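Heads up, the thing below is written out as structure tokens.
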Amino acid sequence: MDAGREKVHSLNELATLLDGELRGDPHRMITGVAGVERVGAGEITFAEDKDRLQQALASAASAVVVPRSLSAHLPDEPGKPVLLVENARLAFARLLGLYQPVERPAPGVHPTAVIHRRALVGKNVSIGAYVVVEAGARIGDGVVLYPGVYIGTGSQVGNDSILYPHVVVRERCQIGARAIIHAGAVIGSDGFGFVTVNGKHEKIPHIGTVIIEDDVEIGANTTIDRGTTGPTRIGRGTKTDNLVQIGHNCDVGESCLLVAQVGLAGSTHLGHHVTLAGQVGVVGHLTIGDHCIVGGKSVVAGDLPPGSFVSGIPARPHTQEMRVKAATRKVPELLQKVRELERRLAELESRLSEAQREPQPVQPKAKAP
Amino acid sequence: MDAGREKVHSLNELATLLDGELRGDPHRMITGVAGVERVGAGEITFAEDKDRLQQALASAASAVVVPRSLSAHLPDEPGKPVLLVENARLAFARLLGLYQPVERPAPGVHPTAVIHRRALVGKNVSIGAYVVVEAGARIGDGVVLYPGVYIGTGSQVGNDSILYPHVVVRERCQIGARAIIHAGAVIGSDGFGFVTVNGKHEKIPHIGTVIIEDDVEIGANTTIDRGTTGPTRIGRGTKTDNLVQIGHNCDVGESCLLVAQVGLAGSTHLGHHVTLAGQVGVVGHLTIGDHCIVGGKSVVAGDLPPGSFVSGIPARPHTQEMRVKAATRKVPELLQKVRELERRLAELESRLSEAQREPQPVQPKAKAP
Amino acid sequence: MDAGREKVHSLNELATLLDGELRGDPHRMITGVAGVERVGAGEITFAEDKDRLQQALASAASAVVVPRSLSAHLPDEPGKPVLLVENARLAFARLLGLYQPVERPAPGVHPTAVIHRRALVGKNVSIGAYVVVEAGARIGDGVVLYPGVYIGTGSQVGNDSILYPHVVVRERCQIGARAIIHAGAVIGSDGFGFVTVNGKHEKIPHIGTVIIEDDVEIGANTTIDRGTTGPTRIGRGTKTDNLVQIGHNCDVGESCLLVAQVGLAGSTHLGHHVTLAGQVGVVGHLTIGDHCIVGGKSVVAGDLPPGSFVSGIPARPHTQEMRVKAATRKVPELLQKVRELERRLAELESRLSEAQREPQPVQPKAKAP
């Protein structure tokens, strides 16, 4: 590894890389990238909005990436070079990639790695110390297996995927290309399924598998159970955060985001582009449509049509949930108000009864009871 | 391992194994088992209910397991062999076990396993690469320790238990017979206990242990803390799902089910046959009676008598909780209705007061205010 | 390891150690410590309150630690030696430390540890089997790395810290002195950050780091993500329980307690002495003041001033939340009561209208409609 290697690029190079319009010295050299709160001399930063723009121009940064939409807010003399781009966050992501310390382990197979003679290993891989690759497994080209990774019998890891230390991939699972699996994640543990006979839980063997498609990222210590028969599937481009649980036979669509500590019970289908915020739970055997968004800590207990935005326990349309939550906060006063209404109503009833019983003329009473 | 080995059994053999009544060709050979959605030719599937029965009979399956209770719904000519059994799900579980690829590692101790000379290892074990077994540990007969398992000083693993990769069993813990511990689980970490003196948290050393009884299954990346003094105990036949947290000195009864991401605070007692659905939290020092059921995402904040079915935050009887939840949804309209009642009441009050002030005869007003 | 070594101390020694006042035989030998429920002859126990005092004096214990505040409740003849101290829980913690089996691994570096030649390792360390320490890493004096620990490129572990089996510390992270990191914890995984372009999630590289200050304890299988740029920080003396998630760029103050399964989204600041109970979620980019307490399973969705005590989803002042929860339980009856009020009001309205339409004299009606 070469974590310490310094990288330097001219603003001209950066403008070309980011397809941006440079206003300022093209030969200025940039040595790094940082957020506006901590940027130093020699580094480049970015401004997402007007406020950040002032802050960035006043900072020690040697250049600022600015979205074209803010160009009207640029002073005539910004005081430092400015790089105008379409999407400043995307440009920032690319700069982070460019200036990222070279942390990829060098290619090669560590002598302590235990690779079964019936496993297939591609070209240009980095396989760290104490990795175990079982019989029949296939490791694609350019794959990085950090120390202590375990690849079970017959499992596959696609080209250019990175598995961080201690990732466990149990038998017969498939990981696609360019996947990133963070440390301690477990892929292919048995599903939680039992037949209860006379109060005793008999295990249902799980002979299915897990299929993780291309460009998926799986968070640290996340667990994904294998199917009973057939696969649990994570669609292309989906990203899960840390400590997420995905039950047996779930089918997660493409480009979903599952934030930390989300749990999916078994056999649930998520469409494409679904976002589940942190700590959400989804009941089993449901169908969640494309582009659904579920607010944090909610429980999804029924199917959701595409494009739903829900929250709550159980989840319902978010604006409705917000309305109910706001209203609920008023229940203590409501109870009091209803008691008061009851009192006034009783008084009214007795006044009217009295009036109807009494001879005329009807007259104001000296004092209300 | 022999994951790829094909297995074939005649229907006659299967009928004997499942103690079932075969209607159809006893010599037909069955090569596998699958759910009705994905069953292929040569395979057997099962029908839980009437709908599934139609689907199964129409599928490519070469035979169908049917509960005796559905036999009246069988057509005279079912079109394929049918195997009548008492409990179709149980039969399915057994078939899955029968057709499961042989995934148990071969017996033997991998040369890289570091086993302390003062550890005892039983017969017919499979101990994988990079396993560490510390001094005084005892590994029973037929135990499988997958690569990277750690067994601490003085800990015991009972006969025929299976510990998946990277399971950590800290010092002086006991695992019973036939236990299954999934990858990444941590048994015997320190309890979360501190004495706060002048705002500083001083650690309470945890010198207790963890006792996991026979036939327990522990999910992937689950954590079970050791007792302060005395054990944290998991009763015989209990199953936990993934990412479950069990605090120090908890005492979990027999045949409980703890679904994914459940958390038990310290010193809580669960009776036998308790079911905690996903993401439930249980406060410390409580007693939960036998056969209690707690709905998903609930918080149990008080003792529960045996047989309780509770849900909510905090949990109360489930039907009551459902009633409150349903009623709460109507609070926004209720607020409006009460405002309306208030208005009508005020009007009535003023009408009555006016009537009592006015001379008779009382007459309808032209327009309500 | 010497887990089995017996330890024996006289009451006189214990009194000196705990700075306590001994009433009874100073030469009595004590062989261990246990909670009052399981204490045996030869052992010492402690009494927190009056009830426990009776129980402790009646137990098999050979001596009892009693807070000075309970001395008035001691019988003239307590029947066994009593050790009066200021803080009985603290004394108990110290006794647990004293009688703790010697479980620290012996100093030395296991021959299977893979330590990069450009890593620096201090004096008197215990480095277990299959540990991996990458280039540029620095391991302080007296550090214990249990088997399978991974220390990434350029990371540092301060003096006397203990990392339990399979802890993963990714590249360029810093762990302070006397830290305890429990098994399976992951420090420095990538933050969960993406730029979504045309529905595709592009990864934001995370080139920041994690800084864990002195005297911090991190629970088993907890995950702490590295910053985008700049560090995620855990302040001195803070303790997290198991399965906690801390997002990128969070800044957690000193002496906080984060109970099991808590999740912090990115860029949130916690002050000092903050307590988050189990399963709490905190939204990103918030500021939580010093000494705040958040009740179990709550969601903090806004900044909190110092000293707040909040609970609920979303969290609000705890007493207010309790009031709303209690009131909400009455909503089903409230709905009924309001329906009844409506009925009575309608009746009253029609009675009054009738009365105003009818000629006088107003008389009671035979029967209400």
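As written, the chains take the letters A, B and C, and residue 1 is the first residue of each chain.
As a working rule, a residue touches a chain if its C-beta (ideal position, glycine included) is under 8 Å from a C-beta of that chain, and two chains touch if they have at least 3 such contacts.
This is a predicted model, so every value here is computed, not measured.
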{"item": "Rotation angle (°) superposing Cα atoms of subunit B on subunit C, nearest 5", "value": "120"}
{"item": "Same or different residue numbers at the subunit A/subunit B copy interface, by half rule", "value": "different"}
{"item": "Separation of subunit A from subunit B, taking each centre as the mean of its C-alpha atoms, in whole Å", "value": "25"}
{"item": "Residues within subunit B bordering two or more other chains", "value": "112, 130, 148, 166, 184, 221, 243, 261, 279, 313, 328, 331, 334, 338, 341, 345, 348, 352, 355, 360, 362"}
{"item": "Contact set on subunit C toward subunit A in their complex", "value": "112, 114, 130, 132, 134-136, 148, 150, 153-154, 166, 168, 170-172, 184, 186, 189-190, 192, 194-195, 197, 199-207, 221, 223, 225, 228-230, 243, 245, 247, 261, 263, 265, 279, 281, 283, 297, 299, 313-314, 316, 323-324, 327-328, 330-331, 334, 337-338, 341, 344-345, 348, 351-352, 355, 360-365"}
{"item": "Touching residues on subunit B, where the partner in the complex is subunit A", "value": "1, 3-4, 33-35, 37-38, 87, 89-90, 92-93, 96-97, 99-101, 103, 110, 112, 128-130, 146-148, 164-166, 180, 182-184, 217, 219-221, 237, 239, 241-243, 255, 257, 259-261, 273, 278-279, 296-297, 313, 325, 328-329, 331-332, 334-335, 338, 341-342, 345, 348-349, 352-353, 355-360, 362"}
